[in-house]
């Protein structure tokens, strides 16, 4: 494994390719949030925030911030034409009701059934916090999880069964990591793409859950 | 859905793929906010065996009346079929049509639940009445309640005042009524509007139905049944 | 019983005296709807309509009707300053959620426990219709029923137990008829006022349910 | 309540009758739409033993932070206490405070249910997670769901942009967030606004919170914690 794994930006850029033109999209903290910068030319994505915005544009320029116009991470943002404001209740009618086309969240663990754990490390100090992740995970038409393939201690994050507190069960459609793009299917985890320079066997070796693949696996476009 | 595909040129085109046997929500109340032009197009198309959800069941030939007249409707969920629902009443009396009567606020709430991803809720409305028949009853926090299920449909036909080309909607006065909630509860929501404006022309604070709930837009004017 | 019973307008006028200043009020079809004309001088009432209006004013003048601005009876109305529009869903958040101060509905029968039947005569032809009456009855902070004391055939409408299809159970606070004003209390029906010229005994004779009263009963102000 | 009584002159007067041990909803999210002036007044008043419902648990001394700092709060229902909730975290770690963590959309929905007269509902959110612990679970229409109860409080402290003197409210951008639903779920709703206008000045189509949900209005400017 001498090739470098993908950067966080490269993971985000690969995730952005999954957004169909015109899609309404919610992005979680971390790598997911980077995705907004990589929407392919010629496509438009409308970003949703659970505090009541559909149609967020880029971060506000310094000196032009309006602190009543912030995203779910408290960052001052802008609007694109066609944007609207609504209540937090209605924002979650959109998430939980299945009205968003794609949601992208970070992950601590994803199981082979598509269970997601992303809100709390067991034994961590403090109260933790759920935020909107559970509503988003349950309701997303398509939930993509972007994360590093392995934790800092090298342990697998794509696992047989999550050991961390769950966010939602059987909710993940696709996992995009610094090593691979993996679909969650009724038959289990299907390896669709590998990071440039990595073999399916190398990805499997870094993964606790069993991956299946057949034929030549293309490299992730980054 | 890609935004550029939402604007449809004619009401006939807007309903061209509606299949027999489908379910449709119809907005409107008290003569205001009915998608009358879409209903007329559906009458022309002749789609049969419909299951409709609508506060009323038509006013003479107007509103959903024409669909009853043409025998296009098999069953209805309604709060108040109404004294003007002549064709519905005839067919109901003749046993030709199924009816589920629902309290008006519960009709609203069941559609909202569908749109909001809430499969069911407990309500005190209808406890001890005919409406409770066949429904699970229990006591919650000392209050008798019955179980109500979410209610959605394959299509929603709604009426708004102005749309932008993305499908953001604003309504006019009491013509708002059932339309916003139905936009959330139809798998495919088709809106007729009096006017379409460019994206960005509607005030983001004043948009009542964000475009995420709207699939097709058609401009159509002038049909009202008083 | 040689005195005339009250007119529909007189019943409505008496009901209007029950509206506190600033009250938010929903009025049903028939006598209740007449109440709006009799709000006492110096008080203001804000009328709610289940199709999404709070702050309805009088009926629109001929030639000035806007058919997008109609009440629940399809009548073109006007607005008072401070009025707002909202959806039918939110209109019923107000009714069912207990946010309206007073609701006034018509009645076919009211029982001594305060059960209300007002939407369907048994055996009547046609499908009938519930409308908003059930949500309103369940949610009203105070539900007043205005009606004639007896049906056209002379039968009592204030009864031991409703025989007509119910609108809601144990919901009525006060009954105002052409003969009397009666409160529904945990101890049963309390006769508070009688129509001018009628005695409590005469009212009881026209009533199937048992009424209680003590001392001299004042006459209804009409 | 008679409309003329709603306008209160100072934030201290607006909270003068809040008793120890009461429950309060606090609006606000991401630094926007917090009733910071009312919270400061409550800190001055020194009301104790509060049960609060709030998306977060303060940002340093700001937002609800000051109430934690002053040990005025006994228990919290929250979706995301937050990394800035220093005093809350200290007291939580020391076992001095009760916390119920609720998914954000379910927090919204439980308050909406309270305001809408719906005692309980079934939701798929949290199924199979810690959130489901101790909650009734069943299957509805093939979907696993858990029972969630309506959530209201004695008071709601909210922030709006402009009120008219009746209490009709409009909000500003994403400062709307939890405020409209909390207005419906507080038995007494107290709003701080940047500006009060005469009755009739707000567009009836644009009013987000009709005055029926508002009990007290106070004008107060300028506190924000980033």
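Order of writing sets the labels: A, B, C and D. Residues in every chain begin at 1.
The rule is simple: contacts are C-beta pairs under 8 Å (C-beta built on N, C-alpha and C of every residue); 3 or more make two chains touch, one makes a residue touch a chain.
Predicted, not measured: the structure shown is a model, and the values here were computed from it.
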(request) From chain A, count the fewest steps through touching chains until chain C is reached. (result) 2
(message) Touching both chain B and chain C, which chains are there?
(response) D
(request) Quick one: point me to the chain whose Cα centre is farthest from that of chain C. (result) A
(request) Please compute the C-alpha centroid of chain A, do the same for chain D, then give the distance between them in whole Å. (result) 30
(message) I'd like to verify one number: the distance from the centre of chain C to the centre of chain D, where each centre is the average of its C-alpha atoms, in whole angstrom.
(response) 35
(message) Centroid of chain B to centroid of chain D, CA atoms only: how many Å?
(response) 33
(request) Name the residues of chain D that each touch 2 or more other chains. (result) 109, 112, 116-118, 123-125, 171-173, 204-205
(request) Give the residues of chain A that touch two or more other chains, as numbers and ranges in rising order. (result) 85-86, 92, 95-96, 138
(message) So which chains actually touch one another? I want all the pairs, not just one.
(response) A-B, A-D, B-C, B-D, C-D
(request) Spell out the residues on chain B that touch chain A in their complex, using ranges where they run on. (result) 1-4, 112, 114-118, 164, 166, 168, 184, 199-200, 202, 204-205, 207, 210-213
(message) Could you list, by residue number, the parts of chain A that touch chain D in their complex?
(response) 49-53, 66-74, 85-89, 91-92, 95-96, 115, 125-136, 138, 165-169
(request) Would you pull the chain D residues touching chain B in the complex into a rising list? (result) 109, 113, 116-125, 140-141, 143, 145, 149, 170-173, 204-206
(message) Per the contact definition, I'd like the list of chain C residues that touch chain D in the complex.
(response) 20-22, 24, 44, 46, 48, 54-55, 79, 81-86, 90, 92-100, 138-139
(message) Can you tell me which positions in chain D touch chain A when the two form their complex?
(response) 29-33, 55, 78-82, 88-89, 92-93, 99, 101-106, 108-109, 111-112, 123-131, 171-181, 208, 224, 226
